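Right after this note come the structures.
Paired with chain B in one complex and with chain C in the other, chain A is shared by the two complexes that follow.
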Partner chain A sequence: MWLLVYILNGDRYLTEVLEELLEIGVTGASILDSVGMLHFLSQEIPIFAGFRSILKGTKPYNKIVISVIGDEQRLEQALATIDRTVGGIANGKRGILFSLPLEHLISPETKPLPG
Partner chain B sequence: MKTIAAILFLAVLALAGHRKSFVKVLPSRAASFFFLTGTEFLLVGYLLGDSFLGILDAATLDQVRPFLIVGLGWIGLLAGIQLEWKALGMFGRTSYLWILLYGCCVLFLVSVGLYGLFHIWFPSDPQLGLAVAVLAVTALCTAQASIALWMQHVSKQKRPLGLMLQFVSSVNDVIAIVLFGLLVGFYQPAQGGIGLPLLPLQKFVLSLLLGALMGLLLLILFRRRLGEVDKVLIVIGLVLFGGGMAYLLGISPLLLHLVAGMVLANLSLKSEETFQLLMCIERPLYLIFLMIAGAYLRIGSPLVVLLAVAYALIRALSQGVAGRVFLRRAFPDAENPPTRALGWGLTSQAGLGVALAVHFHLWIADPSSLPILNITFSVLLLAILLNELISPFGLAYVTKEK
Partner chain C sequence: MALVRYLKPEHIYIHCPLETKDGVLEWLSMVVAESGIGIPQESLREKLFEREQTMSTGIGNAVGVPHALVEGIKGLHAYVVTLEKPIPFDAVDREPVIVVIGLFGDPDTPNLSLGALATLGRILRDERFVQSLWKARTKEEVHRLLSEKEEKKES
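After this line comes the complex of A and B, so read on.
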């Protein structure tokens, strides 16, 4: 089992990414709002947008897509699909994409823990 | 040809300049602080204008008028798109009430002081009231960049003071745009316009209605899945359309687009994206406004300098007094209640003040208009320069840090 994590800058490609994931059979994913560390810490010098600088951090701008994927082949497929959909993560500021091996998973689809 | 060259020159200066201004450097002296906030571009514009080099002469300035109108619309949209009720509700009604009272007090004190002063030189001028009203409304504006720059270098415990100052300044900026929108209704733009037979209040309501319609139009267009370039084009197109319409009808593009921005902020799920898009050119646009305003500046007589110094003093005193009475009560839930001196931290006047000055010049104080209006414009710009120079002292007094 694998946890696929895609931290997307902005939400420009969000819908496309989710649609493409669905196409290859990744039917479950969660989307979280987030703010980049540098964006949060940066001292914005407002000229006309004072309210926004006061409310800095209350407006999450990045999106994190997380999904649990059962087999490695589908994971590889999902990684390639996301990379292709956003036009190549290495080519521009499209965020970062990674996966982690999962040791445990408890969900309605899994068997209950013994005991 | 000269117009195109002047526009290119302005664009290059603005793009190069915005990288140098607003940077994190310790504002140890008033002079360095002045340069950090980009206000020196007023002087650059003055040098480029008819008074010295003549690159931005009267004919060229007349040609760039449409760009300035688009710029005003852009600023209005940027100001409006921040006004999301849900987010603004975080501050509590009491804060808004006390800040409103503070604003009214500053307006009253500045109006009374300036009326007495202007009455000495222009006792029977029919535009005396307008001149005083314009200066009183712009007295509400505070340059948030100055506050933010100063607060970068104060101790952490005092940073909430900076947020309070920025909040007061933001609320007052909105009040200033609304009041200026009302004020503009009394006049038809000096050049062009179709001369609507409407009362000022009716023009004000028309601004609100057209602004709401523009906002809805943007909302509908943004519902489609669009690329970034498409969005930029839509915003430029609508701001151009809205600005032109405002100019023809004799209403304020700042107010009209403020309302449009508010509609977008509260009804669109993509307001953050639009805000980021508008922010891309905030600094270069501001520097262009500073340079154009500087080019319009005429210091024909010592009276202008005298009145500017008097205006800056009256404004600072009014802010200090009004702040002492009202602002302490504006933040009842603050961990550390603000000092009574909070009003002195609001003396810097650039930012929206410059945009309102350009708006005033485009709509009302045309060179062909009465001398008092041209003097008012120059007094306002000189006072903005003076206020930038004295504001570090006010901020140092509030934060008790040198």
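After this line comes the complex of A and C, so read on.
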């Protein structure tokens, strides 16, 4: 069981990513709004205001897609699908993508804990 | 990060008789250019004034931190200037400035400058520490005060 996390700058590709995930059977995900650390610092803390120029051309907000994925094959497929959909994460400023192994999951679809 | 690693004792200037913010920026660009950083004064000056237009580097607590990322600079270079008397600096708290710390870095390694600015922001929040910098009588004393302040964080 894994947690898939994709942090996407702006929301370009978001719809496509979600549609592609649905197509491969990833039917549950949450989308969170967030802001990058450097964007926040450069807007809120005067000493970092000079870094606004470095951030020109980037969106001031991110979308974070998180999804719990049960089997490894689907996880690999999801990672590859996202990477392909956005045109290659390593090739440009398309965010970061990672997964984490999960130890515990309690959800309406899981069995109740013993005791 | 260890800011003092980027501060040479000869780049510390004590009780300088500068009277305006523009004068500080002008003078700083001159001494930095003359220190062998490999960048002409005009380029440094332009970048410093450009940065001030975004927002004043008078971060409050009587400190100014003019800084610039300039193509051609290798690594990070810090300069400390204590002023003979407080001067207006358009600071965020509207208070005059007594200590100026200039930072000049490589735009290709902005994380170095970010780390240095974060360190400065942290250590210069201590009002008594800023006063002690201002009252320091020698370059060596300023260097020692900054080193000790940083070490306190490290320990």
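Here is the rule we go by: the second predicted complex is superposed on the first by the 97 of 115 C-alpha atoms of A that agree within 3 Å, B and C clash if a C-alpha of one lies under 4 Å from a C-alpha of the other, contacts with A are read in each partner's own complex, and residues count from 1 in each chain.
Keep in mind that, in the parts below, contacts are C-beta pairs under 8 Å (C-beta built on N, C-alpha and C of every residue); 3 or more make two chains touch, one makes a residue touch a chain.
Just so it is clear, the model here is predicted, and its values are computed rather than measured.
Asks: After lining up the shared chain so the two structures overlap, which partner does A:38 touch, if you call chain B first and chain C second: first, second, both or neither?
Replies: Only chain C; A:38 stays clear of chain B.
Asks: Using the touch definition from the top, say if A:11 reaches chain B (first), chain C (second), both or neither.
Replies: first
Asks: In the superposed arrangement, which partner chain does A:49 touch: chain B (first), chain C (second), both, or neither?
Replies: In the superposed model, A:49 contacts both chain B and chain C.
Asks: Is the number of chain A residues in contact higher for chain B or for chain C?
Replies: B
Asks: Show me the chain A residues, by the header's touch rule, that chain B contacts in one structure and chain C contacts in the other.
Replies: 45-54
Asks: Which part of chain A faces chain B closely enough to touch in the complex?
Replies: Per the stated touch rule, the residues are 10-12, 15, 43-55, 58-59, 61.
Asks: Touching residues of chain A toward chain C in the complex: what are they?
Replies: Touch residues, chain A against chain C: 38, 45-54.
Asks: What residues of chain B sit close enough to touch chain A in their complex?
Replies: Result: residues 22, 24, 75, 78-79, 82-83, 87-88, 90, 143-145, 148-149, 152, 163, 166-167, 169-170, 173, 225, 228, 272-273, 275-276, 279, 282-283, 286, 351-352, 355 of chain B touch chain A.
Asks: Okay, in this complex, where on chain C does chain A touch?
Replies: The touching residues are 51, 54-57, 59-60, 65, 67-69, 92, 107, 110, 114, 117, 120-121.
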